[in-house]
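Shared between the two complexes below is chain A, which has chain B as its partner in the first and chain C in the second.
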Partner chain A sequence: MANPNKKKIVLPVAPDTKAHAPVKHLYSKKVKLPYGVPGHGLTEMEREVSIDEPPALPINDELNVIGKRTRRVDAVYKVTGAAKYSADIQLPGMLFGKFLRSPHPHARIKSLNVSAARQYPGVHAVHVLSMEPGGSVERESGHDAPAETYNIDQLPLLRYVGQPIAAVAAESQYIANEAAKLIKVEYETKPFVLELDKARRKGAPIVFEKKVKDEGNEGDVGVEAADEQEGNLRGPSTGSFLGGPRGDVEKGFAEADFVVEGEFRTQVQTHCALETHGVVADWKPDMLTVYASTQNTAGVRDDLAELFDLPKSKVRVITEYMGGGFGAKFGAGHFGVMATELSRKTGRPVKLMLDREEEHLSAGNRPNSHQMLKIGVKNDGKLTAIDLTSYGTAGVGLGAGVGRVAQDLYECPNFRQAQYDVFTHAGPGAAFRAPGNVQGIFSLEQLIDQAAERLGMDPVKYRDIIDKHEVRKLQRAKGAEVFGWKYKKPGSDPGPIKRGFGMAQGHWTRFINLNSSATVRINKDGSVEVMSSVQDIGTGTKTILAQVVAEELGLMAEDITVKIGDTIYPDGPGSGGSVTAGSITPAVRNAAYKAKMELLGQVAGAWDVEIDSLEVKNGEVYSKTDSSKKMSFGEATKKMRTNQILATASRPDDYGGFEIGNGIGYGRLGSVQFAEVLVDTETGFIKVERVVAAHSCGRPLNPMQVESQINGGVIMGIGYALYEDRILDLNTGHMVNANLDQYKLPYSREIPKIEPVIIEHYGAFSSTDASGIGEPANVPTAGAIANAVYNAIGVRLYELPMSPQKVLAALGVS
Partner chain B sequence: MDSSRRYCRYLRGKNAYGTTEGGDKPFLNFDPATTTYWCLRTMGPVGPDSQPAHIAACGNEKRNCFTAAKVKNEE
Partner chain C sequence: MNRFEYIKAPSIAEAIDMMDSTVPEAMVTKTDGSAKVVKAAGTDLLDLIKEGILEPGRVIDLKSIPGLDKLSYDKKEGLQFGPMVTIADLENSPEVKKHYRALYEAAAHAATPQIRNMATMGGNLMQRPRCWYFRSSGHHCRKKGGTTCFAQIGQNQFHSIFMTNVCPCVHPSSLATALLAYDGQVELTGPEGRRVIPLSEFFTPSEVDVTCENVATNQDIITNIILPPVQESTRAFYIKHGQRESYDWSMGDVAVVLQMDGNKCRDARIVFGAAAPIPLRREAAEEVLKGKTINEKLVMQAAKKAVEGATPLAHNGYKVPLFQTLLKRAVMGAVG
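Moving on to the complex of A and B:
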């Protein structure tokens, strides 16, 4: 179990403590909160908290709304089509945008002529992306601001197929598409490199000639920035907020009784949210309004305000409904900036939604990886050394590491890692549901299984020896029980179709975004609203906010009107890193509590009783000491002195503080998954039959939605394990499967029976004690399937996706 | 001095743990191997000078495209 009082992590470089010093309270109080897992030694933890914090919430069993299976408050709107997504927005006079993108993986633009496009009937504007005059040189001090006009030297050097060059705005999507083709461009093509291994070799075409010195690289936390670069190779990164290398790895291997090691490869996975990236931008003299498919309304507002030199108060971003986002929908995006430029030029709203091909090419992806992992093991099972080297390419971007699971999932005194980025002429990577960790678990968990096999131990029991995380231990036990876990000898089934069982686990850091605020409004007619800019990206945020307010005010979730996804409301967190529930729900509960206390204060005045004698429950306000004093919530609000009671609150620091500040909470979110597969050894096809997924996310606010998130994570993990793969034509640099036909996602026939197991786990961290589940649900799936495939056929697969071709090759029958 | 002022005003980042960085938010650099950066002016991982957008390179005030952060009394 997470120990919130354990010693803080010591970083290799001291952090700037002023940037995240703990808040001091003028008045504080002590509260006792549930701590641990019900049925498994649940106890209480006393915390000193601000006097403004609400009383401790009991465990879910003792609550009316929180923790109950609650239907989504917007379910009817979604299933009837009444919900309006960004792509559905239609504004008067709206124009449609279309990009011209690079057809070459590496080229210089020799000439560009937009006149035919401009003159095409129905076209209102063309905008060309311009670059810095003079290009990549260091200048003398006192330079001028960037020029407003461009010449041919200011056109971007093209480094991947799909790189945006220009865009048009026209009266229909058809006209825009046609006009974009009329932009005439003469290219000078250049040598390019697409493959990870080739890009690392000497003599490979260089993606970035390093012409600018790196400076100011320590960041605020103090971790080195891995900025060494030679050729296309950048790094290595050797540390993180979890620290750097530890112990003596060579000594650790010398002390080992045996070593397990392997070379693993994972593929590029592209983002396939059902709603593509895009916006409708509406530039008006008094306000820029942007309807965005984003995971971070406040972030889009901030980006556009900065870039267009507008006050934040003059930019409004709206995301009422959102069709999925997995980490790549942060920031305004090239489409957001372009739509805004075109709207500013034309004075009309401009819709610019990417099509599916553009989504694959330029909207981000999970980078691939090539991992060399080696683990030293004693005969008693203990790990003596872990050594990891990885290479990955995020194309023209960075961030292709493989996470920190090798560093932190199991106890091991000697550890080192070197994670390298490799530039290639391909579309940029972006954060993707547990960045790095999914890749890292595929290799780590296969080697841990190999160690168990060498020891002659059941993989579940072996992990009980080397993993002391108490919640994961419970997850292993409960998951194994539901799964009916019984380890069988690898490849022992007779016949061509073989059944296999496997498991894997993972973790995810508890992270809190303190930019999380909300307002609760109680109206005189008895209606209640909760408002924040936080967006619901499809996970059910609207519903859990309604549940939290309803619980505090003694109402039902459907009594609460949720107004979120709009920057006119208080800033909410971006929805990434599985931070949303843990960040915004304490702010919402605290605001509801403040509003409730104001209401009760007014009722207490009217009844001439003490405020703490009053209770709100089951739609009624009543005195706990005088049964004659009772009225409905609606009657109570009619007695309000003003039309509205408004209360706003922001996310305070975790009770007990943060592990290293800046929102990194104590304790990791554990996850354990079990998979059952069938492998056809004649065709190579793998069918996942069943997955049992045991997870914890603090206090589960709505178990039905937690299960939904787990289902989604597992399905995405199956796609990653078996099907999804960005395939680039090595002769042209084009993606040959930039669609949802040849880029294979799991469809209904490939989705197995998924059985979520939720461990209710209290850490006494906040007024709701909730955490996220999006990322943890996705981390272990591919590893569990890989171990199950090995169990089925007795041959291990070291490369994703585990396609029929690779299965047959591994079996030596291709 | 605000630590974020050492970096170009147009540099933005996102770490694996969901937090965006840059502007009026600090660069946290929790995990360099999985943090992505972009330039607001190109809305891509490359700056307007055709070099990578990165916490290291975008802290170089001599970089051709470097633009200092605004200070309060300029806003």
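Moving on to the complex of A and C:
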């Protein structure tokens, strides 16, 4: 039977760090591409590229559509409600599914009886899960029995409150909800452990008796698979895909003039996408069609094809509109598998959307962390050693590391880390907007600020000494200028309400997914389409694809029809790891270029001119040498010899190859944020007044959407810093705030003035030279706020979220 | 959510006739799905049903009864409003804003603008606590007729610091904090007719009956809420503190209503919200202020007195200094 845990990692992380053999081109050419930052010593970089590549794209200033503030192509549909999300899908004869979930954090199912549920009027099917969905999977678990029947001894052990057990499909959601409650289960409860510290102790209840497969790892990007597992402790991971330990840490500390160190804790954060996880599955004899709220249509198709033993050609996954995922929506998921099973059993489409409580419990979270970080510093500011030990729990999942920022953000010859995963009886973690790095930056950037203070240096200037990243240096300078940065003595305001300024920076790896293809179709009537399975998860992918095609064909964004989020089209990348813009837009531009050249070839033939004398611009096709040869784009397409011109292209390797493997690009996506806060020292209340966020994402394709991503990243970072916290009852294992009432997200008044600063940076990496922004925007926020809080009150907070309780406790008031 | 019968009540008398349970009774003693309960806007009642902890057989809607949404102010009579007056109605009433500042502030800081537009004052006073164990169908707590209080031994960061012995939930109404500070009264109508009960006797401490929060019986409907007139000398203020400003439940809220002769405090009423299972008068603190000239030092003494006897739980010790600050700021806000 289907195991939904397989193949969940869709991020383009190369498992090995061996030197990558570059692709060879039979015919290549040399192109000169913009390189650097306009206004800051912009130059050109010559790259040898395939002969098929389009000419170099000039900087944004010289373009018509790319780089211009462009309204989303689907904006009107979204604000009028015309856009149909997965939850809006209605199919004839559709049934509604509802799960029965474990009420216990650790239990064995003694007996299970579905007959009352099955006989409830309006119920069409009940399905019992015979495998462990989500999270990690014990090896040789033996739960591969066919799903049609189940053996009570083979039902999976229940390891968290909310673990799915069974589901019903019924004629309405209300019937399904009622019927699910009628499934009778007898449980044998077992001791459980929820806390990171207790789970590590000897004698703690064990979550997994056997070694687990790491295929369920959705929690982090590329923490090296650490095979050691003892009790609930798994690891350590001593390196990442960026490398292993460096130098001699003990020697480094011996050489240090002083050491800064601290113990930091971060909480579990849940994703809280507006649209919950879910699908509508429609099993038909000739085709399984699944409408999914997913970040990866192609990945869901691959999952379902494998799990249900179907050829990929017989599975179609559609995500026309998507209400956010933030990393937690990749695989088919337990709901996708269940809906498909129920649809197969009933022969009817089945809708299965999680409710908000299920979403909190079972659909992923950012693991917590306990970090011990120690940094050796010379009196000239140079770092001599970094030593990191971290523990984190992704519940029954894996991937609770704290990222690669300690390893890679600053220059330091000696580095050592031990990152551990700890299993607990709680819902599985999942990738969450810059997994690991967000946790890691909270400790790293506070210690870097401590070092600056010890040195008597301004934190911004201090980072100029230890951070050699040129783009980040510019981000610091520009950000500080917009912010009006001035160093202020910590805790120096009189009165109970104190103002503070702080900054932090971060980075994110420039991942590329080479499984990124697109087709551009020019029709005889002048209409143009771009097609790919890549999905728009709310970031604006549809719009940037329209812009790229429009730029290439001399049209406007609204002239292009974007058909994406459907696996009948060429495979696009999964939208995770901030890969989408950097991966799919070069494929799209190359396809548009190929289609254009085909069109121009036909026009050149008709006019009897050389093809390279023709140009398309401003909706016209014309000869650069003969002003009599000119017509509109629509007139030109009427001259096409066939009804359509079709061109497909895939993402080639980065120009100049990859730094590591076949997907990790050179350069890091840097980010620097500045925060201004007010701290009420008598109530513990923190108010973020202002954030200046300086970012770069290569070539910004649509500045309006880049700003939108920065705004979202900062808001999410504020929630992480001050409000959000998954609170588990330690006596029953239940999450007590599994709603959007007491799980506290930032609302309108919690959102400060956010000023994005975009650094346009060209790296000559591809035909669009675009990179992602979603994750970098979320990395530094909590660190910047923490440093600002320290600056306000002169007392450092080592634990998130920085709630009034924690502020008062830190101040010694309570 | 279970199936239930829904009836629009034509009149108070008929509604009383049609109902047979308080919501607490429907959750503890009449759990067989037959309970007949009344609903105002339903902002809380429907939550309880959706959370699976209330399964009524009949829901009687009071919104269809004419005349329950009147608000009137008279210099001599004071403020009167019907149970269907919304929180937004209070917030938008010029009289409330002018004469009952603490009530205005409480209305303006309750819930969200959307909820304030819907939620009624009758429902606000009758709503059930927000304790996350009480609200969880997976926890059969004392308030629901069980034997365990999960909050006392569990996650209690937002719970009571007073009267914590039986059930440390906090009363959910932050409007009630202000209403009690104004010495408000509630008119209840039952089969025997009307009776007026001071708010100081309306709320039920959990020591008296843990399963309910007030004295309304199974055939009582709130028909009026009455505040005495304010005087020239009245100075009032209200502060609510949550983790968020936009929308949040109170971590602590304080209403003060002072009678001032110049700088001298003749009389004082101080009420804490989110401190106990009922809105909590702090008489000892009031005594500190009475007959004295208000200054920060005196107010600090009162604040200290106000938290005497607090028995904070494992995770809510922060509320003790918080309430002192809020009281200090509320008094200074009232006289300032």
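Note that the second predicted complex is superposed on the first by the 760 of 814 C-alpha atoms of A that agree within 3 Å, B and C clash if a C-alpha of one lies under 4 Å from a C-alpha of the other, contacts with A are read in each partner's own complex, and residues count from 1 in each chain.
Here, a residue touches a chain if its C-beta (ideal position, glycine included) is under 8 Å from a C-beta of that chain, and two chains touch if they have at least 3 such contacts.
As the structure is a computational prediction, the values presented were derived from the model and not from experiment.
Legend: residue contacts after superposition of the two complexes on their common chain; A:V520 is shown touching neither chain B nor chain C. Looking at the shared chain after the overlay, A:I183 reaches neither chain B nor chain C.
Contacts of A:G299 after superposition on the shared chain: chain B is touched, whereas chain C is not.
Within the superposed three-chain model, A:G663 lies in touch with chain B and out of touch with chain C [touch as defined at top]. Applying the stated contact rule after C-alpha superposition, one finds that A:P435 touches chain B and leaves chain C untouched.
Which of chain B and chain C touches more residues of chain A is settled by the count: it is B.
When both complexes are overlaid on chain A, the residue A:M802 reaches neither chain B nor chain C.
Touch criterion met: A:G333 reaches chain B, while chain C stays clear of it.
Contacts of A:R159 after superposition on the shared chain: chain B is touched, whereas chain C is not. Overlap of the chain B and chain C interfaces on chain A: none, as no residue is touched by both. In the complex of the two chains, the chain A residues touching chain C come out as 103, 161, 174, 177-178, 682-685, 687, 722-723, 727-732, 734, 736-737, 741-742, 744, 746-750, 803-805, 808-809, 813-814.
Per the touch definition, chain C reaches chain A in the complex via residues 1-2, 130, 132-133, 136, 138-139, 150, 153-155, 157-158, 241, 243-249, 251, 315-318, 320-322, 325-326.
By the touch criterion stated above, chain A contacts chain B in their complex at residues 16, 19, 129-132, 134-141, 143, 145-146, 156-157, 159, 163-164, 208, 210-227, 235, 237, 239-241, 296, 299, 302-303, 306-307, 311, 327, 330-334, 336-338, 394, 396-404, 419, 421, 428-431, 434-437, 509, 511, 513, 515, 573-579, 662-664. Residues 3, 6-7, 9-10, 12, 14-20, 23-38, 40-52, 54-57, 59-65, 67, 75 of chain B touch chain A in their complex.
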